[in-house]
Amino acid sequence: MGTPSVEQLRDAVRGFDRLYGLELLSFSETEVTGRVSVREEIKQPAGLVHGGVYASVAESLASLATHVAVAAQGEMAMGLSNSTSFLRPVTEGTVHARGVRLHRGRTTWVWDVTFTDDHDRVCAVTRMTIAVRPMPSPAG
Amino acid sequence: MGTPSVEQLRDAVRGFDRLYGLELLSFSETEVTGRVSVREEIKQPAGLVHGGVYASVAESLASLATHVAVAAQGEMAMGLSNSTSFLRPVTEGTVHARGVRLHRGRTTWVWDVTFTDDHDRVCAVTRMTIAVRPMPSPAG
Amino acid sequence: MGTPSVEQLRDAVRGFDRLYGLELLSFSETEVTGRVSVREEIKQPAGLVHGGVYASVAESLASLATHVAVAAQGEMAMGLSNSTSFLRPVTEGTVHARGVRLHRGRTTWVWDVTFTDDHDRVCAVTRMTIAVRPMPSPAG
Amino acid sequence: MGTPSVEQLRDAVRGFDRLYGLELLSFSETEVTGRVSVREEIKQPAGLVHGGVYASVAESLASLATHVAVAAQGEMAMGLSNSTSFLRPVTEGTVHARGVRLHRGRTTWVWDVTFTDDHDRVCAVTRMTIAVRPMPSPAG
């Protein structure tokens, strides 16, 4: 697949991912990494990084890595389920995310995404199931 | 608990929830509702509402409703796990969310949050487990 | 689909379901019910009904109800994920299970299964995602 | 903690686990392994190992390993949620299970249990959340 360039990585982050500040660092068919800088605007009222941020990052990383891999065969990737467990609050620094593919099936891919803080402590984990489906009409 | 006023509802939405545009409509110990207007900035690259938005809304609604109920007893609420299934993409209009409490335990509360579109079709569902813990020190 | 007869219900319970004692009570395309009598052999060491029993019952009820509905179109049903939350231990009597279909997609069906004890208290809940796939070869 | 003896391992398997045939192979505070021989009585009607068997094994391994670790401090362990994804059917041989602890919190432990077949292919994965609570009264 080759190594994605900085421009490709930046261009892949749009819409919601751009809003909350996802940085995509690398991706391949089997591994994907990214991070988010902790700011007030991604926190919940008690001052911790909002649980939805972890779920959002996992969703994006796993969907993107799957999508790039299957698009060449005329297929598309869509999140089917996102199951996130919160283990340790993060209040500052950077949330680091690393997704590893657990399973590549014909119709579903499964990824484990692990979140760590700046001290390399695991803060959250997500199991993402991605549906792989035939691409709809040309414009799809 | 009384009915929360418009100001209380608006004030409860901060940080990340304000960033993506959560509107809190009502909450009690057993039910909570909210919504989000669909705009480009909450979508993923294919033009659908980003899966992380549903997870974020569920997290906020269930955490908030639990928190308000337990704070009076000196306890706090924190998301423990968020399990969201995506059933039907939404591309426009409003995402409507309604959370219903399934279980009130001493240390965990469980909520089901159901998301519908403007045609009242179910688009996503989240099972949220909220941990209830003693409040830490005053500054906590 | 008509109402299944007592013989059909009994015949659908085989293998593992027969081992732990599932009784299938009714099923249709949108709802399915069953129960299990609590005995020592379905408990864990502390004397509570084993968590795996709830997961097993949910798996069977949702798979069976989906399978019967799609088999007529030459499709088969297989569990994709089973997410069970344990809310209240059961130590005696009967575990009652009721599954309700949340979603009927082309490739996945989603069910919520709720477990109650003899006092109608909710003891566990399962979200089951069932994959619907074309039937393989005739012998499949 | 010392290495558990064969007798200890065998004695820990009771009730439901004995019914379906769990063999406990090893456990410590951070890792636990076991297996189940595939027989007709643990299959579902299509001839595959029943999904509930994976969920049951994960529940038992994670609960047991947590329980042994916390009992010394007067605490007990109980399954809070069990989220199992099915990746590849097993029809014969042995189901091998290995649980690894992801998180040790004061009130919850989280384990990942991975299931493989005789060809070392991953067949299912479970994320188990175990609640750790003060032991109730002596008789509890």
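Residue numbering begins at 1 within each chain, and the chains themselves are lettered A, B, C and D in the order written.
The rule is short, and it goes like this: a contact is a pair of C-beta atoms (placed from the backbone, for glycine too) under 8 Å apart; a residue touches a chain by one contact, two chains touch by 3 or more.
If you're wondering where the values come from, they're calculated on a predicted model, not measured in any experiment.
Asker: Applying the touch definition from the top, give me the chains sitting in contact with each of subunit A and subunit D.
Answerer: Joint contacts, listed by label: B, C.
Asker: Based only on mean CA positions, could you tell me how far subunit B sits from subunit C in angstrom?
Answerer: Distance between chain centres, rounded to whole Å: 29 Å.
Asker: Counting in whole Å, what is the centre-to-centre distance of subunit A and subunit C, each centre being its mean C-alpha position?
Answerer: Distance between chain centres, rounded to whole Å: 32 Å.
Asker: For subunit C versus subunit D, what separation do you get between their C-alpha means, in angstrom?
Answerer: Here subunit C and subunit D have centroids separated by 21 Å.
Asker: On subunit A, where are the residues touching two or more other chains?
Answerer: In subunit A, the residues touching two or more other chains are 80-81, 83, 85, 129.
Asker: So what shape is it, when you link every pair of chains that touch: line, ring, star, complete or other?
Answerer: Graph shape, chains as nodes and touching pairs as edges: complete.
Asker: State the interface residues of subunit B toward subunit C in the complex, per the touch definition above.
Answerer: Within the complex, subunit B touches subunit C at residues 83, 85, 87-88, 102-103, 105, 110, 112, 122, 125, 127, 129.
Asker: Which of the residues in subunit A end up touching subunit C in this complex?
Answerer: Touch list, subunit A to subunit C: 80-81, 83, 107-108, 129, 131, 133.
Asker: Give every residue of subunit B touching subunit A within the complex, in rising order.
Answerer: 12, 14-20, 40-46, 48, 50-53, 55-60, 63, 76, 78-86, 89
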